[in-house]
Every structure is written in structure tokens, then in C-alpha cells.
Amino acid sequence: MIALLIAAPLLGAAVLLCGGRRLDRAGHWIGTALAALSFVLGAVLFAGLLGRGAEDRTLVQHLYSWIPVEGFQADVAFRLDQLSITFVLLITGVGSLIHVYSIGYMEHDERRRRFFGYLNLFLAAMLILVLADNYLLLYLGWEGVGLASYLLIGFWQHKPSAATAAKKAFLVNRVGDMGLSIAIMLMFTTFGTFAFTPVLDGVGKTGEGTLTAIALMLLLAACGKSAQVPLQSWLGDAMEGPTPVSALIHAATMVTAGVYLIVRSGAIFNAAPDAQLVVTIVGAVTLLFGAIVGCAKDDIKKALAGSTMSQIGYMVLAAGLGPIGYAFAIMHLVTHGFFKAGLFLGAGSVMHGMNDEVDMRKYGGLRTYMPVTFVTFGLGYLAIIGFPGLSGFFSKDLIIEAAFAKGGTQGWILGGVALLGAGITAFYMTRVMLMTFFGEERWRNLPAASPDQPDVEPAADHGGGVPHPHESPKVMTVPMIVLAFGSVFAGAFFGIGERFVHWLEPVTSFAHGHPPVAAWVVTVATVTVMVLGVGLAWAQYGRRPVPAVAPRGSLLTRAARRDLYQDDFNHVVLVRGGEHLTRSLVYVDHTLVDGVVNGTAAGVGGLSARMRRLQNGFARSYAVSMFGGTALLVAATLLMRAV
Amino acid sequence: MNTVAAYTTSTGEAVQFWILGTVAVLGALGTVFLKRAVHSALSLAGTMIVLAVFYLANGAYFLGIVQIVVYTGAIMMLFLFVVMLVGVTAADSLKETIRGQRWLALLCGLGFGVLLIGGIGNATLTEFEGLAAANSGGNIQGLAALLFGKYVFAFEITGALLITAAVGAMVLTHRERTERAKTQKELAEERIRKGEYIPPLPAPGVYARHNAVDVAGLLPDGTPSELTVSATLRERGQIRDVSSQAIADLRALEQRANERLERDPLEPPRPRRGGSTELTRAEEAQQ
Amino acid sequence: MSFPLLTATAVLPALGAVATAAVPAARREAAKWLALLVSLGTLVLAVLVAVRFDPGGARFQLTESYDWIPAFGVRYELGVDGIGVALVLLTAVLIPFIVLAGWHDADPLETQSKRWRPTQGFFALILMVEAMVILSFEATDVFLFYIFFEAMLIPMYFLIGGFGDRAHQGGEEAAATQRSYAAVKFLLYNLAGGLIMLAAVIGLYVAAGSFSLPDILAARADGELTMGTNTERLLFLGFFLAFAVKAPLWPLHTWLPNAMGEATAPVAVLITAVVDKVGTFAMLRFCLGLFPEASKWATPVVLVLALISIVYGALLAVGQRDIKRLVAYASISHFGFIILGVFVMTSQGQSGATLYMVNHGISTAALMLVAGFLISRRGSRLIADYGGVQKVAPVLAGTFLIGGLATLSLPGLAPFVSEFLVLVGAFARYPVVGIIATFGIVLAALYTLVLYQRTMTGPVRPEVAKLPDLRVRELAVAAPLIALLIFLGVYPQPLTDLVNPAVRHTMSDVQQHDPEPEVEAAK
Amino acid sequence: MNPVNYLYLAALLFTIGATGVLVRRNAIVVFMCIELMLNACNLSLIAFSRMHGNLDGQIIAFFTMVVAAAEVVVGLAIIVSLFRTRHSASVDDARLMKL
């Protein structure tokens, strides 16, 4: 059953990718149908779990032994429990919606079949990731989603920027994967296995040092996948991919895999407080980093990407808090999955209507032209800024409380950061909202593409010229509406009565955090900060008209536009340095290592040439050498006699 | 005889050794260092004779005689033949052409000699039995017994060797004629066709006072022409240059003529010399 | 005396080589088909060997033994253990693809006359190499092994020097000179190694009094045979150097890029995927088996060299401008992994190394052969001459990408299994080594993706705009290899079952035990 | 006096002969020097035979002579033909061995 869940999209990927042109017409339907099928299967399994008691909701399906070697057992086994089923539903649900959406969005792309094949491949890999029963299989899914995201980011390969972005994403992820593999090796040397149950149960039996090491390595992996500082740089560029991809992979599902990893390995982190502290710090830093970047971007997708970063920062922060945060992390993950996917689909719909223009400074006043998009986007907006009653409100508020509940100065700092983050979120989301849907219609008197931003040139299959904004077709709007519903009600559904928390408790071991101040105080603070952020944004972008060409802006703005110079750093230190290193190594290999070899050859040749000069052809000089030799022989014999 | 063959060497032998030994060494040195091959050959012959004497003194009577007959008689003669063939007077300059060759040679020689002598020195056996017993039945008989008994096989093989050597020598020296020898007629025709020296080669100049086959005849202007001397002598570089001498002779002749005819000597000799040369030529022709 | 199966696996290709060479000049195609059939027949025999082989049984099976040179106790002695079977299979599997991929590589150019024989020679030489490689995998007599180890250089020399890559910048002249340079370098390098080995082989005979591996192992086990420490070390070095050149291990690697760069793609595959494996295989079987103490003594140095190979090879691969040279340096990096796995002396490491030999063979074949198809289309080896191929030839690009992903050992493809095993094995005994080696996987991703990006993506270059996609023959080469990669990636058990017992034997040879985990996990 | 002196003499002659071989360029003289060396050997052989009191030494000396005779015949023939071809008897002129 579980295997079937994965097999469906896998089959889809195989068929679509090997199928060839004859599937071009039906391909997208096949892909969508299989995605939906796996969602249905997931729902059925979920129902099955609900039918069981809270404690025996863990099913393990052992398929076969993957890598059996002396003292090394890796099985292909799947584990279905509350945590994984939650992800399954999120992945397949949002995934199916986005499949549907893509049918419309990719209509004009002649490689649509391959696109759906990649999407299915992604679904399969993601499901393997969340359903794996051991870390090695998880690693398989982990790299699988990496591959899928590589293929999808670089889907428009004719754009060098896209190809570069894809490569960058894969490489940065590889760095993270290094962490994961080292963690697995550590587990193997420590526990002799890397299946979840024995490892997590065996935590008590080993020293804290080892556990901290494992935990930090896992964190490194999580940073890579979830675009956390310092490995966040790829997410922004990943927006080169088609918008549905950004929605599915780089907002709703894949990027949250890091959070899943941390929560899944909760036992290890619980036993390694230092590692936990690092996790919270990473979360907090990313939270602010993403938010600041999000404030400065004019590219709507990059702004949303910044926000994604920051939201995942929230989740990581929560996950770093231990039992008091795990559940909330997952909860925020799910709600975020809804509203962020909705936001991205909305952005995609806007671009769809605007000739793939992504520069918000060339939008404005679109609410009348695309009402459905406006409404759904707006709901997502309210949800993310944590407007009371919407899903974001619940999950984020809970995380902030938990952060305060960490206790001590740490608690205050983390809580403060989270609070501040909420404010900035409100600011930049409002900015997006205002620049896109309100204000004057700046797109009327503008060329389609702006030269100063080469990475936002329109895709080849859409013409340029002055855009004629229009609402997207049903096949695109329906998923947006569904997601909007999700973003409105999910929070309340999960949050009220801690339903979600109790659901996850057997897996993530929930503990009530006790903030130093009453919970309602925190809530009020959150709301006020949110209102402040909105007001600030209104003051800056609502009242005054938005300049069509980005003003130079303050130092911070400029820094934020360039992702706080993080890319420049990478470029100078890693890329340039690497180039110089390789070039010099090539030189060394050719001159030094190979030079020694060829030098030996030349030396032998030269020596023999010298020797040849001895053979001057004069019989007499040969005779001399003979005679000398004889003399030496006589001397030798005499010496022998003498000795 | 027996005394010589005995194991105690007489003072006579000692004296003989020291004198003849010196001669032998000198001969050897001569062989090496004399410029002309002929002289080397002669000094070598000397050394060999001395050695023959030593053989006799050591009781090797047969070998002593063989040494004189075969070596000094046959082999050295052979050498002399070749020397003559190649040129008696062809003295190769002792100037060394290969760099360092001479010094190396001397060094090696010296070292080798020293080593050898040193070796003999510390291998010296103090007492030794003479050949009295061995030669009791006569030296020749003894040798014959060994030669045709113990060493007969080797002896036969040496026979084969000698024959082979003879054949080899013939093969090496014999010049293979690929085509029939040219007749006079053909040679003449060839010469005409080549178009050089159509007339027979000029005769060498001839003086009464010595064998003049090796004197180049003089051209009208008085310079000697090599063509007039036989090729072999040319090869050996044994042309006797008499151009200056001939002119000197002419002077003397004229002198005498003047004295007889009371001419005044202050005449410019130029125009008459040519004439006088012809004259003298005529005279010589008459003689 | 049952049917000599092992001999048959080698004799068939040898006879096939003779027959192929004897095909008349005009019947070129016939020669090709003959070669293909023979290689397939060999594959069948190899499969038979694998079937007859009983993993649970004796260490060396299907043994054959005849006196050859009684004077020196040299015997014609064959036998395979699990590792041998795996590698024989690898060889037998790859050769048909190499033949198929090289179908037109030795065809006459238009300028050549009808009486053009080299085509026959090309395929005959390939089969000859196959026969020798298989025999060296099967020989259990050290001297016999040495003979084939050296003899395979001769056909390889002609394959490299005689049938160069026609896609060459500097024109036919430069191609010829560089080709002969590469061939001579290859020959001299390996001969030098082999010479040292010959001395060591003789030394071994003097020390152990026998050439037969099983006898020596038995004697060692019973304690009858004891070598002096220094003797053993010297002999070990003699053997190891030869294998390190063949493998190739840094800094003895410089012949490989030249050879692979100048040879045609199939021959390059033959070099790196088949012939070089003899080196690593021999390290595992002879160095460790014959000289356990010396091996342990040399381990630190070898590990360091292997690490250097891994990182150095990968970095140089990043710096290459020539597709084939890039693959060559990548292979150097991978051989570093194999040697690492052999010498960390853990069963994971050694199983990993053995699987790595097989998987690397397949993955390199996939990548290199597809690259060869690409190069033969465009007529250039420079990465800079490509771009946007993905648009015009998606299938080619796809296969190329999968080959590349296999090279960077993506989980789910065969190389991942082996590479991870090697890493775990290394980490278990020497954590630092394991961690440094892990950097290799990042670099691998770097050079593979850079290669793919520069050649396949981006705007379509005018020169490549007309490139045709893969033809049926080429697809018949690429598809099975890829299928094999995926199958062994998700279900490597058949191989591991084959290899595990042999590894257990090797571990007992070197008297090593896996490090126990810190805590005995609650199973 | 002690007949060992014969050996000394032989050694001396031999050395002189050898040096001559090395120093002289005229093939004929070189040949003579070789003969000199052979004779030196013969002398030592004969002295030995006297010391040991048997005739084998003399026999060997005899064979040496025979062989020497053969050698001279061939050698001189070579010299003659050499002289014919290149009009000189200098050993240095025959250096075709040099590449």
C-alpha cells in the first residue's frame, strides 16, 4: 500500500520521460491523474491511521534488503506514522493542485510532457524522503528531490541563467548532503545501524559529544535543503524555474524537508542541547535575513522566495526549541505550505497575465483586471502576515510563544527576533500586495522587459510588448481557490484545541512551553507589531506613488537587493578561488607531475647520447678501454688474493 | 745442456739473461717507437732472436729453433713483404690524433706492467724443478709424445686452422674480376673517348748520376710534372723533387760554357736560359 | 576433469580475435558481426560461470590446474572467487557494448582504398584484450597472472596508437603525433611497472617457493610460510607499484588522460573500465593476500595517496577543457575511491571497492560512450565547442545526463551504493579519511554539472544546430547500460551476495576485523 | 739467478707490446706489437714449463706459434686489402663503426 503510494508517481515519471513524443498530447493528464491517485491513496492510509489507537499508528513496511554487506544492513523499508502521513497529505495534496495548475500554466510549452514527468519524479522522491524508515533511504529521497529540483529549475535550459541557477542549487545542496552522509556514517560507527528506531532509541547509550556531532551534521543537511544561512543562496536563483515549480518545490514541500529531518531526528537533538542552540540561532538569523531580503526585491518571485526563507527560519527556530516546538514547526510548515503555495500560484497567475513580467514596479492596479487572483492572493497575504483568525496567525503565534518559552535571555532574544520578523513579514508582504494590485497602472507606458535585470527577461514562448492583463483560465484559478481555503481555515482547524499537537505527540513528544509572560500578551504584541509593519508599508508604498525604476535606496536596501552580498562573497571566495586553484593544478599536473615523467625520459635519452660520443669508432681507443679493463681485472684479482 | 736444463741456473745464464734481456727490451721499445715500419720490423726480429736464445736456455730446444725458423724466418719476412708493398718509406708521423689517447695508453701500460710485475712478485715460487726429468728422453721426443698423444686432437684442429687461414688469406687478397680484362685496343679507345692524355704519358726525366725513375720530368717552363712518375711511387709520395737541382745544374753548365767561350757574364740570362735549357736537354739526350 | 569453463571464457574471444583478423578485407561488415557474436558468446559463458559459482562454497572454484613449466613450478592454474566472477562478468558485459559503440570507428576514410584491413584488426584487438583481461582475472598462479597482465599491453598499445580519435583539432598530423606519444607513454609507463613486478614475482618464488596463490595462502594460514619483514615489504612494493601504475594512483596517473584523450571513445572505455580494473583487482587479491603484514605497514601512505587522487583528480577534472580528458581525470578520482576502499581493511570498504570496480566500469562506459557519440557528431572534443545540445538532441542529452549523474554517484544509481560503502568503510576505521573523501562527492557534482551545463544547456550554437539525435545502434548501447545502472542502484544484492564471502576471506587473510560500533544498538 | 726473472721480462715485453698497440697507427706496426705480446706470453709459458718440470707449457707455446702464424697470414691479408681500398695502412682510417 505504502509502496503503491510511491510507485504511482514513479510510474508516471518513467512513462512520461521514456514515453517519447506520442505521449505529448495526453502526458499532462497522465501525470496529474497519477499524482491525484497517490493523494487518494494517502487519504485512505490516513483514514486507516485514524482508525487506530494513538500509540500504534506506526506502520513499517519492509520491502527488501537494499545493501546487505558484512555488518552493514540497509533495507528498503517504509515507515508510516503521524508525522510522515502529514507530509504525505501535504505533498500529494498541494502537488496534485499544482499539477492541475500547471496544465494551464505550461500550456504553450512544447516540452510540457517532460515537465510533468519531472513533477512526478519529484513527488516520488519526496514521498520516499518522508516515508523512509532509515536514514540511507531518506538520503535517497533527499538527493532525488535535489535532482528533481535541478531538472525543474533548469527546465528552460535555453536560458543560461536558468541552467546556472539549477547547477548552483544542486551544488549547494550537495554541500548539505555531505553533512547528511557524514551524519549517517557517524550513526553507523556509533550504533552500527541507521534505521530510525534503533538509532533514536539508542541515543541514551552514547556520549553527548557524538550526538552533537551527528546533530550538527544533520543541521548542515537541513540548511542545504531548506535554504538556511549559510547555504541559503540558491533559493533566490531557483526562481528561474517555472512558477508552479517555485510553488511546489521551493515553497510548499521540498524546502521544508530540512525541518522534517530535524523533527524526525528530534531524539538526537534533545540529547544535544548545544546543537539545539545552534539550530535556533540558524533559524533566527535566516528568519531576519530572508525577511530583509524580501523587503528589497522588486522581482515578485524573489520577494516571495525571501519570505519563504524567513518562514522556514521560523520553522527551524521552532524545531530548535525541542519538544515545545516540534509540533508547532510542523504546523507552521503545513499552513505555510498552503498560503505560500497560494501566493506563488497567484504570482504565477499575475505573470501569466503580464507576459511573464516579474518586476513589481511594472505592475500596479491589477486588482480590477484579475479579481480571482487578487482575492486568493489577498487571503494568502492575510494568512502569512498572521492576520488574526487566519492560519498563519495561529501557527506563527504559537512559535513566537514557544520562542519566549525557551526561557532565560535566550528566550527573550529569540522571542524578540521572532516578533521583529513578524513585523518585517507584514511590511514586505504589504509592499508586494500594494505594488502589485493597488496604485496606478504603471505597466501601461512601459516596455515589457527591463534591461537592468537580465535574469527576469520574458520566457521565449511569450511575446513582449505592452501587456494586456487578463484573468487566468479556470484550470489555474481553481487550485488557487482551494489553496486559499486552506490558508484561511487550516490554522484554526489545527490550532484550536491543539488538535494537531495531540496528533503528532506520539512521534514528536510534545511538551507545553511556559512563556515568561502570559500567552495573550505575546499574541497582542504580535498583532500590534504586524499592524505596525502594515502601516509602515502603507506609508511608503500606499500613499506615495511607486517609482517605476528602482531608486538607489539606502545602504541596507542595496545590500538586501544583492542578497546581503552573500552571492558576491561566494563568487569571490569560492568560484574565483576554485577557478584559480584548478587552473594552477592543471598547470602543476602538466609541468610538475608529468614533467617529472617526461624529464626522466629526456634524461635517459641525453645520457645515451653522451655515451654514444664515447664510441668514436677508433679501434685504438676501444683497445685502450679494453686494456684498462684488463688492468682493473688484474688489480681486482690481486686485491682478492691479498684480502 | 743438462746444466742449462737444471733447476739451478748458472751464473753464465744469469749474465746471458741480463745482457740479452736488455737487448730484447731495447728491441721491443724500438718496435714501438721507431718511425719507419721497416726499422720496427727489424728491431722486432732482433727481439725474437733473443727470445729464441732464451727458449734454448730454458730447455725448449725445439721451440727455440722453431722460433728462429718460423717467426724470425717466415713471419717477419711476411711482414717485410707487406711493408714493402705498402711502402718502405711510408713513415706514419707519431703525432697523436685522438685526444688523450697517448696518455691513456701510457698510463694503462704503466699500471698494467706494475700490476703484472707486482703480481708475479708476490706469486714468486722460490724453488722449482728443472726440465731434466722431462727432457730425459730428449726434448723433441717428449714434445712429440705429448703432441701426438695428449694433444693430438688440438693438433689436428690447428691443421684445419692453418688451412682455413691460407684459404682466407687468398680470398681476402684475391681481387675478383667481374669482367674480362680489357685489351690494349679497348684501353686505347677508352682513352680517346675520355679525351685526356691522348698521347702516351711523358717519360720521366733522366739524369746520368742516379736512378731517375722517381724524378719528375720537367715541363717546358721548368716545373716538374708528376704525371711522369709511376703511380705507385706517386702513391707513396716518393717523387724526388729535382727541379731546383736541375736549374742549379744548368747554371753550372752555363758557367762552364761561358768560361770556355769567354763571354761576359753580365748578360741578362733571361732570353738564353730557355734556349740553354733546350740545349742541355739535347745534350742529355745524346748522352 | 569437468569442462574447463574458465579456459573457455578466454579461449573463445581469443579464437574470435584470430577469426576476425582473418576476415578478408572486402567483408568488413562480416568482421564486425563476427566480433559482436563472439563477445556475446563470451558473455553467455561468463554468465554460466556466475551461475556455476556457489557463493557459499570454497574460496576458489571452477579451478583448473596443469603443469606448464615444471622447472620453475609454473602452473596453468585458474580459479575464481566472488570478486573474480564479478569482474569477469563486468568485462564480458562491457565488451559487446564497446564493439557496438566502435562500429564505425575503424571504417576507412573516403580517401582510403578498398584494401583496408585495420577494421578487422580493431575488433580483433579488442577481443584479444578481452581474452587477456579475463584470464588475468581468473589466473591464480602469480606468474601466469603476470604474463597476461603484461601481454594485454601489446594490443592496447596498437588500439591507442593505431586507431586514434578522428575528432581532433590540430588536424590529422597533430593527431597522429599526439596519438603515438600517448601510446608510447602508456606502454613505457606500464612496462616499467611490470618490470618491477617481474622482479618481485621472482622474489616471491624465492621467498615462498611457489607461484600458486592458493598454496601460498594455505602455507601462510598454516604458519608454514613466514617471510622476513623487509623481504615482504620489498615484494609488496614491487607488486604494488605495478598495480598503482595500472590503477592509476596519483602521482603515477599522467598516462591515463593522454591515452583516454587520444584513443577513440570505445578504446578509452576499454582502458579505464576494463584494463585498469586489473590493477585494483590485483591489489585486492595479490597485495593483500600475499603480503598482509606489508599491506598493513603501507596502509597510511596508500591512504594518503588515494585521498590525493580523489581530490586532485576531481579538481583537475573541473579544470579540463577536453571532454574525454575530463572523464579521464574523473576516473582517476574514482580509482582513488577504489584503492581507498581496498586499503581501509574493513569489509564494507572492500565490498564497496569491488562493487565500485563494477559500477564505475558501467557508469564510465555509459558516460564515455555517449560522449563519444556526441564527439563523433560534432568532430570536436572541446567543451567550448558545444552548447544547447539538449535542445536539438534531447535523448542524447538525457543519456549523457544520466551517465553524469552516475558519475557523481547519485543515490538510486549503482555507483552510489559502492561509493557510500567505501566511505562508510573508511570512516569506520579512519574518520578523518572518510570526511576528506566525502569532499570528493561535492567536487564530482561540480565537474559533472559544469560539463553538462556547458555542453547541453544554454542557447543552441550554430555548429550543433544540425546534430542528429541518437541512432538505434547508439541507443542499443546506451539504454542497456543505463538500465543496468538503475537496476544495480536499487537492487545490488546479486552482486553483494557474490562478493561478501570473498571479502570475508580477504579480511581473514589480513587478519583484520571490522571496528565494533560504539553501542550495540537495540535491534 | 732465479728463472722468475724470465717472467718479469715477459711481463715487461708484454706491456711494451700492448702500449705499442695502443700508440701506433700503422696497422703493420700494430701487428708487430701484437706479435711481440704473443712472444712475451710464449716466453712466460716456457719459463713455467721449466719451473713445473713438464712440457705442457712448451706444447701450449707451440700452439700459440701456430695460431699466431695463421693470425698473421689473415691479418696481413686484411691489411693489404685495406690498403688497396683506402690507400693507407692507418688503423684510424678504418672507422666505419662510428655512426
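Letters A, B, C and D name the chains as they come in the text, with residue numbers starting at 1 for each one.
Basically, contacts are C-beta pairs under 8 Å (C-beta built on N, C-alpha and C of every residue); 3 or more make two chains touch, one makes a residue touch a chain.
In UniProt terms, the chains line up like this: B = NADH-quinone oxidoreductase subunit J; C = NADH-quinone oxidoreductase subunit M; D = NADH-quinone oxidoreductase subunit K.
If you're wondering where the values come from, they're calculated on a predicted model, not measured in any experiment.
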Between A-D and A-C, the pair with more C-beta contacts: A-C
Per-chain CA centroid nearest to the all-protein CA mean: C
Chain centre separation in whole Å, for chain C relative to chain A (CA means): 37
Between chain A and chain D, centroid-to-centroid distance (C-alpha), Å: 97
Distance from chain C to chain B - Cα centre to Cα centre, in angstrom: 76
Computed distance of Cα centres, chain B from chain A, in Å: 106
Per-residue multi-chain contacts in chain B, two or more chains: 98, 101, 104-105, 108-109, 112, 116
Sites on chain A at which at least two other chains make contact: 616, 618, 620, 624, 627
Chains touching one another, given as label pairs in label order: A-B, A-C, A-D, B-D
Complex interface listing, chain A residues touching chain C: 17, 64-72, 76, 114, 136, 139-140, 142-144, 147, 150, 154, 157-158, 160, 162-164, 166-167, 170-171, 174-175, 177-178, 181-182, 184-186, 188-193, 198-199, 201-202, 205-206, 210, 578, 581-583, 585-586, 589, 593-594, 596-597, 601
Contact set on chain B toward chain D in their complex: 5, 7, 9, 11, 13-14, 17, 21, 24-25, 28-29, 31-32, 37, 40-41, 44, 47-48, 51, 54-55, 58-60, 62-63, 66-67, 70-71, 74-75, 78-79, 82-83, 85-86, 90, 92, 94, 96-98, 101-102, 104-106, 108-110, 112-113, 116-117, 120, 124-126, 128-135, 139, 142-143, 146-147, 150-151, 154, 158, 161-162, 164-166, 168-170, 172-173, 175, 235
In the complex with chain B, residue positions of chain A that touch it: 616, 618, 620-621, 624, 627-628, 630-631, 634-635, 637-638, 641-642
In the complex with chain A, residue positions of chain D that touch it: 18, 21-22, 25, 91-92, 94-99
Interfacial residue positions of chain C with respect to chain A in the complex: 185, 188-189, 250-251, 253-255, 312, 315-316, 318-320, 347-348, 351-352, 388, 390-391, 394, 398, 405, 410-412, 417, 420-421, 423-424, 427-428, 431, 434-435, 438-439, 441-442, 445-446, 449-450, 453, 456-460, 490-493, 496-497, 500, 503-504, 507, 514-523
